[in-house]
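Below are two complexes that have chain A in common, paired first with chain B and then with chain C.
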Partner chain A sequence: MSTTTTNPTRPVGDSVKRIDALEKVTGEALFADDLQFGPGLLFGRIVRSPHPHALIKHIDTSRALAMPGVKAVVTGADTPKQIGLYLKDRHIFCRERTRYVGDPVAGVVATSEEIAEAACKLVEVEYEVLEPVLDPLRGMAPDAPLIHPDLGNYEVPNFIFPKAGTNISNHFKIRKGDPDAAWALCDAIVEDEFRVPHVQHVPIEPHVAVAKMDQRGEITLWTSSQSPFAQRNLIAEALGLSQSSVRVIAPFVGGGFGCKAGVTMEALAVVMAQKVPGYAVKLRLTREEEFFTTFVRQGLIARTKIGATADGKIQAMQTEYFWDAGAYTEYGVNITRASGYSSTGPYEIPNVRADSYCVYTNHPVGGAFRGFGMPEIHWGIEQIVDMLAEAIGMDKAEFRLKNCIRTGSIIATGSTMHPVGLVECIKQATAAIHWGTEERASAPHKRRGKGLAIMWKAPAMPPNAGSSASVRFNEDATVTVSVGGQEIGQGAFTVAAQMAAAALGVPYEWVRVEGPIDTQYNPYEWQTVASRLTWSMGNAVMAAAKDARRQVLDLAAEHWGEDVDHLDIKDGMVISYRSEEAMPLKKMVVYGLPKPAGQGWRGGPIIGHGSFMPSYVTGLDPETGQGPRSVVHYTTGCQAVDLEVDTITGQVTILRIAAAFDVGKAINPDQVRAQIEGGAVQGASTALFEGFQLKNGKLANHSFVDYRIATSVDVPFEIIPIIIEVPQDDGPWGARGIGEHSMVPTAPAIANAVADAIGVRVLELPITAEKLYLALEAQADGMPV
Partner chain B sequence: MTTHHITFTINGAQEEALVTSHITLLAFLRERLGLTGTKNGCATGECGACTVLLDGEPVNACLVLAAEIDGADVITIEGLAHDGELEPLQQAFIDHTGTQCGFCTPGILISARALLNRNPDPTEDDIKDALRGNLCRCTGYQRIINAVQDAAKAGG
Partner chain C sequence: MPAPTDVNIPAPSTLAMPSPGLPPFDYLCPDDPDEVVALLLQHGRSARLLMGGTDLFVQMRDGALAPRVVIDVKRLPGMRELSFDPADGLHVGAAVNMNALAAAPAVQQFYPLLAQAVASVASYQLRTRATMGGNLCNGSPAADTAPAALVLDAQCVVWGPDGERTIPANNFFLGVRKTALQPGEFLTRMEFPVPPTGYAGRYIKLGRNAGGDLAIVGVAVLGYPETSAASGYRFRFALASVAPTPIRVPEAEALLAEQPITSGLLSQAALAAEDAATPINDLRGSARYRKAMVRNLTRRALDDVWNQLQAEG
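Presenting the complex of A and B:
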């Protein structure tokens, strides 16, 4: 590759191959279920609530316990303290109340999965069924049944605002300017309601956890996890243990997308293991359980009003979000917050009012899913902006270019926008699909349409979420990088190796990244979420590598009697630009260098340390949502879609998706493109196929047959990934995240293209062929659509 | 519980074992033989993560009973590379970034192997069709398709 020789930051900026690819194509890569525990391994299964909302009157475990092969049965009586990432609102096993179909009521530990499963049926639970809340609007009503009557007593951080005596676990507000006055100035105002159903992450690897408690009461947990450190912390707190008494070991994750972040089913395995000291207990979810008992993407009802003046300037926007957060809100309360402060989308709008409500319902537990609320809110934002452009009579790309954020724009929170390349993203993505050129459909009964959507997303996390790393040399000058961030498929280990190699001055091939992540040995990382690793963990890796490099250079400077400023490390050699001395890193990085005349040695094993934590994120005013720096940064982008709709079947065929994102700096351009492509397909899958069918709180489509995700035959379209690089001031080499962003604008871009093709606006996801077929029929009958 | 004495070849080696009637080939491979490269993504024949070659044909190991492999030849992902040499298919997956999280990868490689065995020069549609039973949530499939095409060109 020609860039390899000319790129001054190499291998940063080079499309090196994934560091984990060899293991993954040979079947050697170990995932949690692959770890071997010998014949003493016990298995757990879970007794789950069949009711969406009920009181537990009585549990009788005696028949289950008496079954041969059963070792223990646990219930809520074994878990007195509450757990939760932000709002501590749940018991690991339900105590007096169950809040969704699938809520864990008891756990059975046995010598086989079959025995545990059979014994689950012998656990007798007497319920008093309560009226469920099956819709967030109902949940907000003053007479709605309370799902968490004790909400006012739950532990919660100071940026989340639960309303005691209601089902509202958070209410986030933006009050900026005066929208009420601004409507009068507007020449066009559009108002509508958009709905997003629950969807599931569907990692191909289901959740699995193995837990063991030793005779001292210390816990080890092997699990498929995006958050080994957060799990250690939350589980230790909930069980009244020290963080150092809980060790989490997390090998490769077979897809996470947010559902393996925070604590889901891992804590169940730990509590079960506490009943059988000395034995490892494995709990693996069936695919059916995976669908509704881990996190799901929350449902959303979004009501939005937006207005512009005739010159095409957006003057005001008003939004209400009603999040169907489900029974508990591990991440939901913060998704509510993030969606509130991002509610304008990537537009500079002077007058903004937003109210984002996190509402408990008796639905599956809402969590983070690739994009953390952004795909859900952009579904409405990017359609209503399209509708407004139409009302004003402006080209939709031009309208966005006129209103989108630029460097220095004042955003919804009153913060100033950092350098951003969104304009370039819009220009390049639209150009790639020949925006503005009418193109013919492939058949007379098909209609061609083009649409676009833009997006923004910031890492949503506590202001002080930190990362750390160490970089150490081996005798042969190969390098071991140790991080707490996880490889979940996004390429984090590859990027860490590239950064360490670049900062040290050694070839990429010399670097290994330690796995599995083990909280006992690996340095701390908050969580592998929010597309924050390249940026945050990257900063830590860069600092650690620089620290190691400085130690090497100091040693060489002393050895040569030179000034350290004249020295450098290139391709694994220490060199002096002054004396033109050179020596290999080999050996000296561990054994040091001899002093002259047998006077002893200097140096020693080189190990560099680095950590990073943003120190500049400010709080937001609880009444107005205003603050000087609400988030670390926003990644922005644009997708433009060219598609056809079959007017006989309603079928959508995507022809092209051009996707441009401003990643600050592509540490590995090929991996960035891989994220952009994978995200576009995942986004298209949620746009066209996916959605929970919940009936009285019970999921009807909980298999791959009934819940369809995109397969190889569904992606006949061309994806054109485009990388824009406007450097991020606090990012390593200027990088910011890209993992989640790639699917944020897909669904509304498709919806806008469908509207362009056939004049039908779909306000509720997914955009199924059936919906379009019915809308086309109604259109033919002259009905409004 | 009925047990069966089975004789089979696994990745080229002759083996025998006593198995119960109900154990699946997937559980047998993963738990008895320690061949954990074959993955369990659903256990109901819907995701393809458990695909292995049974007498050259791709099957979902979660739907086959171990007792059924008596006399058969089984190839798993561990059997693709030989003497430390990767297959062209495996190399193509590395070169094209045909893997991200990697959980679907063993099953997809096996399905692709089966395809190239019966059709050394597949079209893009042939490849998509051969992989339709293998779900991947990460890659968006195109790179996988490109990798298979490339491997076919390299002589599979």
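Presenting the complex of A and C:
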């Protein structure tokens, strides 16, 4: 007996409806600020440094404490230990020094947000203002003021290399081949500097945390979080508590994009709650605070030199990255590392030198942001490759096809590339916009252009980031899947349910995925970052479902007296291919099965467990960055853009973006397409509109009034999502991640299309209408642009 | 020529963070216009009027305003009424919301320029609250509805201690956040005369992005056949966001009335508009870009209006 379906891995590979669709579209889904804590709830507000760099000489909290309704005031005196995901470089509240505008100096707990806010103004802080570092190049200078004079004493993992006595919190190097000798062979060499400003994630839901300490000193934290387990771990360590004494409960997340990973303001709420045992304390950021007091995407100055021989083969590449990492480096040090080992982009280049520096500045704190360094470095990589193709005189798609990584290529770290479908991505994305065909602009004052960019990105994480899952049956054979990975809108719960259903042999509709994520009950997950859930958590869910399935089959085999190899589970029925026996899973998965003749029962409630941790990622040589397997895998892809530039205003209208990504296996093709579309939109937004305007460390555009993001009316263009599937050896059903990758190539693809349209190269994001217009004016006047 | 002035709400020089809530205030909702006048005279600068609240509450949250008394005037008689009479023109209560205004059949049919300008303000969601009266009284140089009011020769009808009086829109704006309203006065409605026969109009707003931005530059052009003019036509120009107030451009208007209209003359008019603009550098754009955009978009709007006039003529 066998069922014939068009999709043998069903429901994996089907575009099933999102598991959380109904509760989200009806508004029933609960987010952190929806949770109710009764009339005893207290509120926190934060006193923040108005100076980018200063010493705290004195804090007087007495006037604030005297204000009616104020319950407690917290300062750095309450937080002696340091915290940090990789490099432990900050105090939860500042102690002797403040390092950016917005650095938390004190926290006020009161009976209302208004009272807490008013009392913040009564906290008197005396500062000694210091010279700030406002640029990473200045920060690198030998005479620059030191932002972390104690850098040499900070706790740090063995793959991060801070330089004591400087502002450099990490220096990652690649030394491969001999670029200096290779330049002589090159027929064309291009060299330039590219700049990327800080940008913000702007999730629709700002950060919210509610913390409570009970009379035993145990902490509960309810928060909008991508990282409940990492937050539990880091907060417990910083406060000297056991991980089991900190419980994080994380309901649905209203947008993460990296800003709710690691620890930011959550720790502030916890420290405030420790001062008022038994009371829950809520801290929620205003939109303005969201802009510059939580993580931002780091600024970057990238200097790149690249050369090729006349046959179009890239021979050498040399890169320096100066990351404007801000005051602390929760993630920055690892972004620096990831960008260093990925600095060639998805190209096979024999001679490579790269130096990636993470530099402290008195700017907002750099963190994870969709793509984790890759959109920033591809801004330069994919433009300079275009410029080199021009210099060589080759078609830009053909040039990329000639040089891009293929299965078995040796990449920058000396590692060998796993099976990869990048060539197919380039061919299909360019074909979708009729690459090579000149098309007319829609009006005489408009110029049309086409451009493309390719990308790669690996999950950047510690080599041993783990996932776990459990799968348990209910009486009616419905299934409850328990994971520690978070649903942040990307569809992780839906994919987990599909995988569990496919591995067990039950319909998708029978599966539930537990939320909120509660570190007290849910199994461990490192963090919901790095586009790693479908792959890593997926492996754990698949293992847990297979474990449960094996238990069911063992029970049925014993019951029927058959060999387990002849049994299967299909559509919720256990079947035997040999005897053609069949029985429903219902009841047996909880109550077991009766032995013959009333001799008792066998089996019992079925629970499957699974975990996954990559064990095969090797370290890299600290001097050369070389190693046999630098990362778990790379996802690759290509975007091709067709646009028009209005020469009267400089405005860009994107007509079409075709985007092809090799996802290994699309577990849910519609969700993959949605990620590809969303990435193109966010990528276009950062390309055309977004960027911090920092003036002496202060953010001038700290609200939506002057920090513009693309809205639905800004993206009327057609997005053509294309799915390529070259299976990943260590991915569930061959899957790898796609969440971040889809925005990585967008900005340079748009820049390349603009250059094609009007001959103007924009080296610094964003590509504003004003920049293009003034460049066109200069061009018309015969000025260099 | 007035000195360049910052068209923005000035950014706070220290870390003055917007409050998570609004400062405390008393909310009053009188049903008699004279009571509003009395309250305004009694509380002076510590009273603010409320209609849609889309500017008021933002400024209160930012700490730019902290009125002790907020007087809701949108429920007063006539404040939310809109009417059209073929002889008298269009009357719009000051508190008519922008979506209602833009969608009114008379506005769509006889004042499409006004509908264009109103529909360019913020987002649809905001326009269900925001009012044109508030947009004008807020006194922002960037007000999108102001250029339309200027070229349509709107009259601002106000109620005050001496009863009703009328202020031409052209005299209404005195400076950044300064209008011709006197102590105790408030705007009750805008009156738009019947537009000239055979007229055509266009409002072009340039924002950094298409959805809901403030204007970097706003340009309104209105033209109509006029036998008394040497050229056979008269034009009116108004600009937003490029001077301390929304402005008319009389130089360009005179040029196009005095000589036969040619492509070169249209360019000269656009240059006259550029000359009239005195923009500043700010977060939204440089003065240099703004001036160029006044020229280019005036020309674009003018071409469009001129083509319409010729098609109809």
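In this section, the second predicted complex is superposed on the first by the 780 of 785 C-alpha atoms of A that agree within 3 Å, B and C clash if a C-alpha of one lies under 4 Å from a C-alpha of the other, contacts with A are read in each partner's own complex, and residues count from 1 in each chain.
Here is the rule we go by: contacts are C-beta pairs under 8 Å (C-beta built on N, C-alpha and C of every residue); 3 or more make two chains touch, one makes a residue touch a chain.
Since this is a predicted model, take the numbers as computed values, not measurements.
By the touch criterion defined above, A:Thr711 lies against chain B and chain C together after alignment on the C-alpha atoms of chain A.
Judged by the touch definition given at the top, the superposed model places A:Thr286 against both chain B and chain C. By the document's definition of touching, of the two partners only chain C reaches A:Gln693; chain B does not.
By the touch criterion defined above, A:Arg45 lies against chain C but remains apart from chain B after alignment on the C-alpha atoms of chain A. In the superposition on chain A, contact is made by A:Phe31 with chain B only, not with chain C. In the superposed model, A:Gly255 makes contact with chain B only, not with chain C. Once chain A of one complex is fitted onto chain A of the other, the partner contacts of A:Lys57 are absent, as it touches neither chain B nor chain C. Once the two structures are superposed, chain B and chain C can be ranked by residues of chain A touched, with B on top. Note: residues 286, 703, 705, 709-713 of chain A belong to the chain B contact set and to the chain C contact set alike, using the contact criterion stated above.
Residues 11, 14-15, 17-21, 123, 206, 208-214, 283-286, 288-289, 292-293, 296-297, 300 of chain C are the ones touching chain A in the complex.
Chain contact summary for the complex, chain A toward chain C: residues 45, 48-50, 101-102, 113-114, 117, 284, 286, 288-289, 648-649, 688-689, 693, 698, 700-701, 703, 705-706, 708-714, 768-770, 773-774, 777. Against chain A, the residues of chain B that register as touching in their complex are 30, 34-44, 46-47, 49, 76-78, 80-81, 86, 90-91, 93-95, 97-106, 109, 127-129, 131-145. If you check the complex, the residues on chain A that touch chain B are 17-18, 20-31, 33-34, 36, 201-206, 252-257, 286-287, 488-491, 670-671, 674, 677-682, 703-705, 709-713, 715-716, 719.
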